[in-house]
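Please go over the structures that come below.
Each of the next two complexes has subunit A plus one other chain: subunit B in the first, subunit C in the second.
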Partner chain A sequence: MTMVSRLWCQKTWQNLALAKVLGKEPKTFSTLVQLKTDEAIDDNDSQAQTNDELIKSPSLGNYRLVYPEFLPDPNPLFRNGIREKLERMDMLNRRSVLSIPEFYVGSILAVTYSDPHAVGKINKFVGICILREGCGLRSSFLLRNVVNGEGVEVHYDLYDPAIQKIDCLRLEKRLDDELLYLRDAPLEYSTFPFDMEIEAKISESIPVNDIKIPLNPLPWSQRWERYNLKGVKEIVVNERRQKKAAALAKPWEKYDLMKTYRETIPEEEQNEIFSDVYTKLNELEIQKNILKRKYMLQRQKSSKTRTL
Partner chain B sequence: MTSILKTFNGYQLFSKHLKQSLDMIAVPVRGRQNPPPRKRHPEWLPKPTHVRYNEDLTPENKEFLSEVASLNKGLHEMPKSPLNTELIQPAKWTQGSKRTGLIGKKIGVYPLWLKNGKKVLTTLIQIIDNEVVKYIPPEKFNPVKHSKHLHPKIKNGCLVLGAVNIDPQLITKEYYGIFNSAGVTPKKTLMRFTVTPNAALQSGTPLCAAHFKPGEFIDIRGKTIDRGFQGVMKRWGFKGMPASHGVTKTHRRPGNIGSGGKKARVMPGTKLPGHMGNRWRILKGVKILRINTKYNVIWVLAQNVPGEVNTMCYLYDTILPTKKNTSPHFPTYPPNDINALPEELYTDDVHPFTEPNIEYQSEQES
Partner chain C sequence: MFVPGTLFNVVSRSVSTSTVCNQIIKLTRLRVVDNSEIGKAAMMEGKPPRCIHVYSKTGVGYIGDRVLVAIKGEKKKGILVGLKQRQNAKVPRFDSNNVVLIDDSGTPLGTRIHVPIPHILRTIMRKNTHSKGADYTKLLAIATKFV
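Presenting the complex of A and B:
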């Protein structure tokens, strides 16, 4: 068993190394054929939308979803006002150098990263964000894609100064907070082309992709039947495991007020924190929107010339 | 007379009949026979409550006093040191001289990135309202624990530092007396730092984070996290014993503790279960990476500074011979020049977040 796992680890590591060796020019490694009709529709929509798209920044009430890492760890053992303030200042300083887009678990990101071991000292990875964790400068996200028929995951720190660029190619949410079950799903569901282009924002609210994914047959990396997943088709396990999962389920936890109190920052404190960073974030947001609009206009022009 | 005696006898007889006819046998208690009496507050007395002395202040006076107490917020609020600056002469550091340390508060841990792209965890230590309360010259300084050297070459004096201002209305008159004589706002914590006579400072001198420079090495003393009574696996990192394969009742136990033959005893210093943590420990040779002069915060290259977050720790110049500092601010950074410093001070290898992204040069270009 250990030998098998070791071999598997080696294989994945080799593939990870492969991913790191990717040159400056992004190549397509995907096997899944993208539906071109959808993209075409999107493009048409974007032409109509870009003109109407307002320079709208997220409101203060929305900030806890857009910038979750600005909220500190709610554990009172680790809290200190001055430290949180300094950390926020550092985060804003980094954000003023690198524009970090709004993204969620389920969004597709492209990260350009300077890597001393890469061929051109620079690397690009495209993948679906399957995990977003940590707060403050420790916050990080996990991208997953398929390279040469093997699942590859790359873990990035959000405030790492070695990151050159972060693009949100497709802004959407999924039904779950973590998509780690993609590891045990068919590879086609975590395959995204490396030459994907930024999709235009269609609606004001963030679209939720309610795709239901089937899982591979057993064995799995985790006991998914215990997690109450919404984005998975149907989980088939034997009776014993079903019983165990039912025994371990805690359906009353959502009514536990003290638990939510312990695990979240109260609204008054959130307002205090976000009003502290509001002006700076708003400025950055406006700059980002201007850049985005310019990019979309350029794309429109280029597409027109192509059609002509 | 006889009649009187008789009546007395009668009484005794009567009392004998009333008594229970049981023979009490005293059984000797083994072990500790007379446990020391525990200190217990008498039930009939009211419980002592620490009530402050009623000073019969009018509400206006109370408001005025709390206003005065809240005004004294700390160092970075103070525009200029009230001291006679001529008394603080920037002396020259010489071999063997020892300057004061600082009292800090551990406020958290977060990562910084170096210029080579490496992520390092740093601990933030805030220096809050540090001021000199008292200087005790070498002749008068007589510590309980003497130096291990019988005849030290230089006899050290001692500086008493205080940190974290508190409301003077909350403390006792005796404690207030310490600060009143020095002309310093009352402090929450006091700490003693031995210094050579050439590093003496007058009482009232404010000390700030710029006392140290980025790149210097320091020792940090703090009280470790109290973990209570712990077993041998957590306290000493023993491996324990297997979870299965026929092992019963000894999964986290120490196993054999030695002894045998004629020794027939447990050797002193044997690692056994016991109380873990809540001890003074010194983390030596820690590098300072960054200093914020506005908030008086020091970033230190360590994630293992003893103590919990929000506890006090004490910073000293390191005693490690290879990392010793030869050109410090001596005896301290001049308190009137604080505004001349930039807000953020970094070492050369730290990447400030305001700087552009890290890019690596390819070998051909370089």
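Presenting the complex of A and C:
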């Protein structure tokens, strides 16, 4: 009896599977068609919506680039809605006291901070930002400069209460997201004078410095041939290392939708976060612009008097 | 089936692939950054001194720790004044592991330090100095630049 019933079960299962396979094909087609039509409708709707959004928030689009630390860590293990919200409030409070300028990896920054170890309890460091990491109150950046022929790097927390002033002396981007290879480049490429002045902003968009930097001969601190760096002149390594780099390269990763999904915050969530902080940030930005204009006018005046 | 894998393992075993140890331990090469005769000669010769002892409980040297170095066949004491490893926020990290040679009383052997010195070293040196022991703050007097 049991044998018979089992056989019967198997047969029906196979039939069902077949039916499923058969059923899938027309369905997939139908979904495709449906999706297409949906998109078409969405397009019409979204145009109107985007127009509304544009009026409401003209620069919400580039907020994720200007204020990357407002976006939480995409790893779901570290997510906590309440903590993120509280952190955002703290960040805004800090930003209302200290004007943190817009800067990117490759920009030159000057940080003035109170240092209990320094002579006047105040210290200043100027350098190129070679790394920006972390999110929320833990976000930090790494500055590099060469002092007396010795490479020096200082790591700062962006929301450190000891920081008195952050100035962006030269606002620009480089071709790479991290400039850690400057450690293995000739020193002249990371040398910046400590008495640099703030450069006047010329264009509205952020200029990209497409300088190509040659690396020192081996040994290096990291295997740079594996990183697909754009801001480095041709990397010369032996054949074995080239082969290894080629074997470890993952050119398909840019097509991995799940990977990008896992490593980024979805757009809807971003909009939610930034609409939360938009009004306050906008206010602060306006204040900052006024101050900046005042500073530039003062400098122009002083330079004129100097020339006279 | 396993022959190529094992063969590769055997071949690759002869090559050391451990990561760089970014700590000052025994036998770490250091860079003398003052203008003492012995230090300059050793660096010119291309034989930088080796740390042969770290005067700390853990045996790992951090910024401001005293070390014993083997330099040109002699034993000298030194103070670590700049490290390559990752530091706390606001403490500078340098491109080389720097040491300044001192004698037993804490007096530096040279008269100038030609690289920047972290500000935090002032506090550390003052803390390490006791009224009856060695005076390490003399090192700060010969520094040219603080970062």
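We adopt the following convention: the second predicted complex is superposed on the first by the 250 of 308 C-alpha atoms of A that agree within 3 Å, B and C clash if a C-alpha of one lies under 4 Å from a C-alpha of the other, contacts with A are read in each partner's own complex, and residues count from 1 in each chain.
What we mean here is this: a contact is a pair of C-beta atoms (placed from the backbone, for glycine too) under 8 Å apart; a residue touches a chain by one contact, two chains touch by 3 or more.
All values derive from a computational prediction rather than experimental measurement.
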First (subunit B), second (subunit C), both or neither touched by A:L98: first
Which superposed partner A:R83 touches (first subunit B, second subunit C, both, neither): first
Which superposed partner A:I166 touches (first subunit B, second subunit C, both, neither): neither
Partner chain in contact with A:D157 - subunit B first, subunit C second, else both or neither: both
Contacts of A:V147 with subunit B and subunit C, given as first, second, both or neither: second
Dominant toucher of subunit A (residue count), subunit B or subunit C: B
Which superposed partner A:G136 touches (first subunit B, second subunit C, both, neither): first
Touching partner for A:L109 - first (subunit B), second (subunit C), both, neither: neither
Touched partner set for A:F125, first subunit B, second subunit C, both or neither: second
Overlapping contact positions on subunit A, where the subunit C interface meets the subunit B interface: 115-116, 157, 160, 162
Residue ranges of subunit C touching subunit A (in the complex, touch as defined): 20, 82, 86-96, 98, 114-116, 119-123, 144-147
List of subunit A residues in touch with subunit C within their complex: 113, 115-119, 123, 125, 140, 147-157, 160, 162, 183, 221
Residues on subunit B engaged by subunit A in the complex (per definition of touch): 107-108, 110-113, 117, 119, 124, 126, 292, 295, 297, 308-310, 351-362
Sites on subunit A touched by subunit B in the complex: 77-80, 82-87, 90-91, 93-94, 96-98, 114-116, 120-122, 136-138, 157, 159-164
